[in-house]
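Order of writing sets the labels: A, B, C, D, E and F. Residues in every chain begin at 1.
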Amino acid sequence: MTDLANDYTHTDAVLVNALYEDIGNGDITTSSIIPENHVSGAVLIAKDNFILAGLPFAERTFKLVNSGLRFQAIKRDGSRLRKGAVIAKISGDTRSLLMAERVALNMLQRLSGIATLTHRFVESVKGLTVKIVDTRKTTPGVRFFEKYAVRIGGGYNHRYGLFDGVLIKDNHIAVAGGLGKAVRLARLKAHHLLKIEVEVKDIMEVKEALSAGADIIMLDNMPVDGVNKAVNVIRRKRPDIIIEASGNIKLEDVSLIATAGVDLISIGALTHSAPAADISMKMAPSEKVESRE
Amino acid sequence: MTDLANDYTHTDAVLVNALYEDIGNGDITTSSIIPENHVSGAVLIAKDNFILAGLPFAERTFKLVNSGLRFQAIKRDGSRLRKGAVIAKISGDTRSLLMAERVALNMLQRLSGIATLTHRFVESVKGLTVKIVDTRKTTPGVRFFEKYAVRIGGGYNHRYGLFDGVLIKDNHIAVAGGLGKAVRLARLKAHHLLKIEVEVKDIMEVKEALSAGADIIMLDNMPVDGVNKAVNVIRRKRPDIIIEASGNIKLEDVSLIATAGVDLISIGALTHSAPAADISMKMAPSEKVESRE
Amino acid sequence: MTDLANDYTHTDAVLVNALYEDIGNGDITTSSIIPENHVSGAVLIAKDNFILAGLPFAERTFKLVNSGLRFQAIKRDGSRLRKGAVIAKISGDTRSLLMAERVALNMLQRLSGIATLTHRFVESVKGLTVKIVDTRKTTPGVRFFEKYAVRIGGGYNHRYGLFDGVLIKDNHIAVAGGLGKAVRLARLKAHHLLKIEVEVKDIMEVKEALSAGADIIMLDNMPVDGVNKAVNVIRRKRPDIIIEASGNIKLEDVSLIATAGVDLISIGALTHSAPAADISMKMAPSEKVESRE
Amino acid sequence: MTDLANDYTHTDAVLVNALYEDIGNGDITTSSIIPENHVSGAVLIAKDNFILAGLPFAERTFKLVNSGLRFQAIKRDGSRLRKGAVIAKISGDTRSLLMAERVALNMLQRLSGIATLTHRFVESVKGLTVKIVDTRKTTPGVRFFEKYAVRIGGGYNHRYGLFDGVLIKDNHIAVAGGLGKAVRLARLKAHHLLKIEVEVKDIMEVKEALSAGADIIMLDNMPVDGVNKAVNVIRRKRPDIIIEASGNIKLEDVSLIATAGVDLISIGALTHSAPAADISMKMAPSEKVESRE
Amino acid sequence: MTDLANDYTHTDAVLVNALYEDIGNGDITTSSIIPENHVSGAVLIAKDNFILAGLPFAERTFKLVNSGLRFQAIKRDGSRLRKGAVIAKISGDTRSLLMAERVALNMLQRLSGIATLTHRFVESVKGLTVKIVDTRKTTPGVRFFEKYAVRIGGGYNHRYGLFDGVLIKDNHIAVAGGLGKAVRLARLKAHHLLKIEVEVKDIMEVKEALSAGADIIMLDNMPVDGVNKAVNVIRRKRPDIIIEASGNIKLEDVSLIATAGVDLISIGALTHSAPAADISMKMAPSEKVESRE
Amino acid sequence: MTDLANDYTHTDAVLVNALYEDIGNGDITTSSIIPENHVSGAVLIAKDNFILAGLPFAERTFKLVNSGLRFQAIKRDGSRLRKGAVIAKISGDTRSLLMAERVALNMLQRLSGIATLTHRFVESVKGLTVKIVDTRKTTPGVRFFEKYAVRIGGGYNHRYGLFDGVLIKDNHIAVAGGLGKAVRLARLKAHHLLKIEVEVKDIMEVKEALSAGADIIMLDNMPVDGVNKAVNVIRRKRPDIIIEASGNIKLEDVSLIATAGVDLISIGALTHSAPAADISMKMAPSEKVESRE
């Protein structure tokens, strides 16, 4: 599991870093009280209803602390859990279980919270062809995990960062001296495998984006009827253009925006304001074993 | 600012890592469209009411991208902001402003969200001697920042991690074969500068903790009247013992718990479920300058 | 110059690593013979005709060894140099000059070699609209530098790596069970800001790519008349599609391929087989100074 | 293979770094199209005649991506390959094969190119006692690999860097105030296990080096008859001294220089101007398997 | 053994760093003379009488160089060894044995030296309840190992560093404006799980510390009768306070200080002035084997 | 001072690592009690007689914590100090002074201890041409510093590690199948800038080393008369060979060994058993300043 094929996203580094953040140079309580080589069993339990996300990372956290721990997943990412559900069973060295517990839970609770919120948005547009997508409004350092949780919740990912997509905003346009010029520059300088997305805030800009030859148009912070109108204008001229709606769209408004016919709705709150799911670890100490080796 | 005296908490490493996470090997849009050496001014603006937290980290983020950027703080951490308030003015190289923007805002929005929620809890127990404290339920990798935000919101910090405090929980007690034995082991093995805190769930355990000579007793998940009773039992025997209440305590219940006479109330939600504050950067492009040097 | 705005591509790390590779735990010869605080002047001189590339990295190498060295560029990247031309003047601490020399020259010689070869290809297609582009066939660890040298030579860059562009090859198609299915999967899973390029080897595959809706078609290892025919087929059906020719294209053949009307010609040799330019550092020792400070 | 005994030269770090350079945060094409757990077989094939070098590093690259891949070497480093020769067979997880391919090939092509060029020099002096040696003119960051390829081609290595040998050049002599003084200083300050080599450019300097007691004399950029004369002068006085010829020595001149009786001929071009060998990977997809585990 | 549960103290990093410090880019002697795949047996032998400490780290050093080496401990940490005693038997790849030897011995000799000196102090206070504790006067970078050796010798550890304990010294008191104020500030700002220790140099300060409510009092550099008096003053008022004696206490004085009734005596010399134990590795070469694999 | 020219030995990394080892995530005592922006003056004082070594590293430690601290050296490395001597004056931010103190002193005390012991050996052979040299028996991770201290004490350095010198020992000879064969292999495989040293234990081996053509002979663990005899045998045959005596040579025996006519005497105790010098920092708090900037 540490092969690069399984960790090109450096998730191990994030988990190890989080473990050191918590453990520092030792778990004083545990190493004072729990004897070496003591073994226990434990379960992860849902204390709420939610969509599970992050279980492979929880497992990986326990394994990074002690590769000898046994981790048996009972549920899987994407499962809808009811309060009381047993998520996984873990067993092995008691000290290791206690050292890994908090980091594993912190990750699992956060990701499950994100998947759960994403799922509520996805459910709101059920039956429509629109995709719910995330944004770059993620917690510093854990974007990979949070974008993963969005997918588990049924959402899709927008570009990962500034390096793998072109998205022209008002500031770029102002400096370039016009939307058309900005698109032209991006087309010239960015490599030929990238599309050009332009953020617009009204119908006039929509039209400029159309004549500039944008591949994707993002309708930013437009009211529902503005979105409706913009979609019509775009579809009439260039039915192949991808349309994205964005800007503080609430759960209660999302189906209305979707009905307007946009292809994508991007939601920052998925990753920046999802409350954590409630999960805990319960231990069932078993007897002492002779030796770890 | 990179001297170890200013960064023994590795905050620079976290910010730089977050910048690489977002920028990867380059901001394609910006480097295609914005000319080298173009300069602009920008402002950070509150789009909501909240308690500001994290401004020094936002400033540091801009400086890490380009130490030549000028950053003028208009507000300071702890300020209560109204929607529309200008938080800071930044100016300099336009490319750098755009590359730093998202990470600076992501950190600022998260920390302000935490400070704002903490402040609501603190306000709820105003006039009482109790302290609102955080937990280890933080986002992996950014605990230092989140604990900072709790202090800005008027809260206090519990131990940082497993390495700088002894907190004996049910699992430790079960393995040790009794609360008294667990306390004795911790007293023997942990160095003499550390106090011993014990988590208890009912009056029987309170009594055990008292006779074991615990320095601090944490009442975990007890109902309000349980807390009341426990406080009375403890105060009668050992008035010097520190009492902490813990376990999913809601904003609406916190003052009742506080009134029972505990010294500390710890709240996981401060760091795991605070919704982000809404902040944005607006730019005012200025004219081109001849050369960066 | 160490701000992230100037080093998001980690070039400093590569240069520092190369310096340690050469210097290890000290330049024994220099530290035995050259007194501390001795200062000298030196020049970088072309010993051949070539296109200069990499001067900012050579300067950065000297500065990383000793930020007090003065580096005055006489030529600039992209200049056509004649044998004997003075490229730059450097002065300061003699020990530092000698410790930085080899790494600075190694980088400069390699990048100038690449720029020179690229320039020869670019000259061969002068007047045509085709772009000469590089490939991922670069030296492990220095891709950023080599792709930079290609641009200096007048070429353009293809995608940087596997993470910022979709390029479907025969293996992908075989596993997917058909070109159409492969394009469909890429369209579904890759984020919406990415175009889909498909590599084809004959007219039949060209037609499949066209009906699958590829955004870009790469003609791989086709003879000149095959390229001609493919371009005609594509342009008739989809004039907007981008066409790339690839596969061991020699300097003597490049203009013929270009005339066929492709948009891009990619050449691996630019980065994997360019001979180094010949550059050396000559020193003119000046007198001893009292103190480095 | 990751034990320090196998990686004290940090080759794993170089390979992993190159893999991240190419893969970044994921191979979009492959992860979109190739299903998880799909397995394939592949072969590495020579598309040219050359001396093979770097196969263990190619194998290691595949294993670093996925330790479950099977790699069967058909040829070994040092083999003279004919176009079409099968170099190795690899099989296992298809995604991993595709992610490792480019880096493995880039290394293998470069090292085989160096071994092939070295071998041509070595062949040119066949039957003579002279050694062909490399220089410090290597690509930044991959010196270890390039010096390895020189050995595979039949050459020998000069000192690795500035830290494991004393080589006094004109600049050292000028600053020291004379060749004799420079040798004396080196003898005093460098530890007693190191010999002293001096670079000279004419007979006068040869004589100075002799009387200064140099252990090794490098004849730099001397014409053939100058080399002849210098060798005679040295051998007459100090038959035990090691003589090295250096400075842009071409393949066509090397045997003449060798015949003059030098012990070593050092050639920068071995590592800075060898064209890459042509190698490719061909895949033979096999059927899907149930599970990676 | 590389699981975080076994290496949260980063001991592996220290050992690997020390190995690189010694081996650099290769053991020239060994790789020139010892054939690949040659295997040998070796023993670690005591050349003096001492208390053994650090054997697991010596074993780990051999395993980090080559995980295929077999290491059989004959003695264990804490054993009292006589000159000539065999400590461990190691066998396997000869090159690896020779590359690991020096670092393994350097660590073992140093730690055994510390354990031996600690043990002499501990023996001097045998029968008394006082604990011998270490200080922060350790060798930069190896504190964890040195504090481990103290425990093996029968001593106890003081706080690990500045981050896990409060110890107020004269400088703190001077700046705070009084001992009482310093204690009050520490009580307010440090988290509630930490005790407050105060360093005092005479009876007046002892009294101030008592009334300030210090949890622990350190008698620094007091003569024996001063210690006696201070202990009496403290015990009379606050029998529960922990008393530590400190300051250049010699082996010949330690039992006198102990008899005064202090709880702890801290000794800097344990870690900063213990002479190394003498240990060597003797090899018994066995025959060549066909292949390492 | 962080330029590579000043830190190619990674000393900054060692110091920073040691600072983190001590400070962890904060100096709780200092940050609780000392106000931000408080400034003080301090002096480093000798509490013993010794040779000073390591002052530049002590200064660097303070500067790494806070580059704004002023450090004025009163003494310099190599000075013979008397008890009470003021070594340096430091002033600036009080918190930074306290955070740097322990690490700076730990390094200074250790290095001064080594220089002092070395100096005693050097004094013992005063007037003779022999050099006192160190060994590889250094503390893991701080070899560079310890070898520096040996030079300050008037000693010389042996090879740094296994990578920059050839030293053939009994194990190498046994495996090679004879001393002559071992020397021949080393001569063939090690690069031509390295001499060959051979360790011998009796006259028979001395003779073998002579006929094998060793450049340097190390007399290991020989009694004084053995050394005398060996020197005579060697000098008669090969006056140019370097002779080293080694093996637990005590201070009282060193002049006798030296008189025998060896060139070098290597002493492990210099670095593994030197007691620390006693040095302390005294502070003189000055008044509060308005702002750090």
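Just so it is clear, a contact is a pair of C-beta atoms (placed from the backbone, for glycine too) under 8 Å apart; a residue touches a chain by one contact, two chains touch by 3 or more.
Everything numeric here is computed off the predicted structure, so don't read it as measured data.
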Report task. Quickly list, by label, the chains bordering both subunit B and subunit C. Result -> A, D, E, F
Query - Intersection of contact partners for subunit E and subunit F - result: A, B, C, D
Query raised in the report: Once you count every C-beta pair in contact for both, which comes out on top, B-D or C-F?
Result: C-F
Query raised in the report: Taking all residue numbers at the subunit A/subunit D interface, are over half used by both copies (same) or under half (different)?
Result: different
Requested in this report: Please report how many Å separate the Cα centroid of subunit D from that of subunit F, as a whole number.
Outcome: 35
Report summary line: dist(centroid_CA(subunit B), centroid_CA(subunit F)) in Å evaluates to 45
Query raised in the report: Taking each chain's centre as the mean position of its Cα atoms, how many Å separate subunit C from subunit D?
Result: 22
**Report entry** Touching two or more other chains - residues of subunit F
**Finding:** 23-26, 99, 144, 160, 163-167, 194
Query raised in the report: Can the chain contact pattern be summarised as a line, a ring, a star, a complete graph, or none of these (other)?
Result: complete
**Report entry** Residue numbers on subunit E that touch subunit F, as the complex places them
**Finding:** 14-15, 17-18, 21-35, 38, 40, 94, 98-99, 102-103, 105-107, 109-110, 113, 136-144, 160-169, 171-172, 174-176, 182, 185-186, 188-190, 194, 248, 268-269, 272-273, 275-276, 278, 283, 285
Requested in this report: Please name which positions on subunit F make contact with subunit A in the complex.
Outcome: 24-25
Query raised in the report: What residues on subunit B touch subunit E, complex-wise?
Result: 156-160, 163-167, 191-195, 197, 216, 242, 244, 263-264
Query raised in the report: If you look only at subunit A, which of its residues touch subunit E in the complex?
Result: 16, 19-20, 23-26, 64-68, 93, 95-96, 99
**Report entry** subunit F to subunit C touching residues, read off their complex
**Finding:** 3-6, 8-9, 144, 160, 163
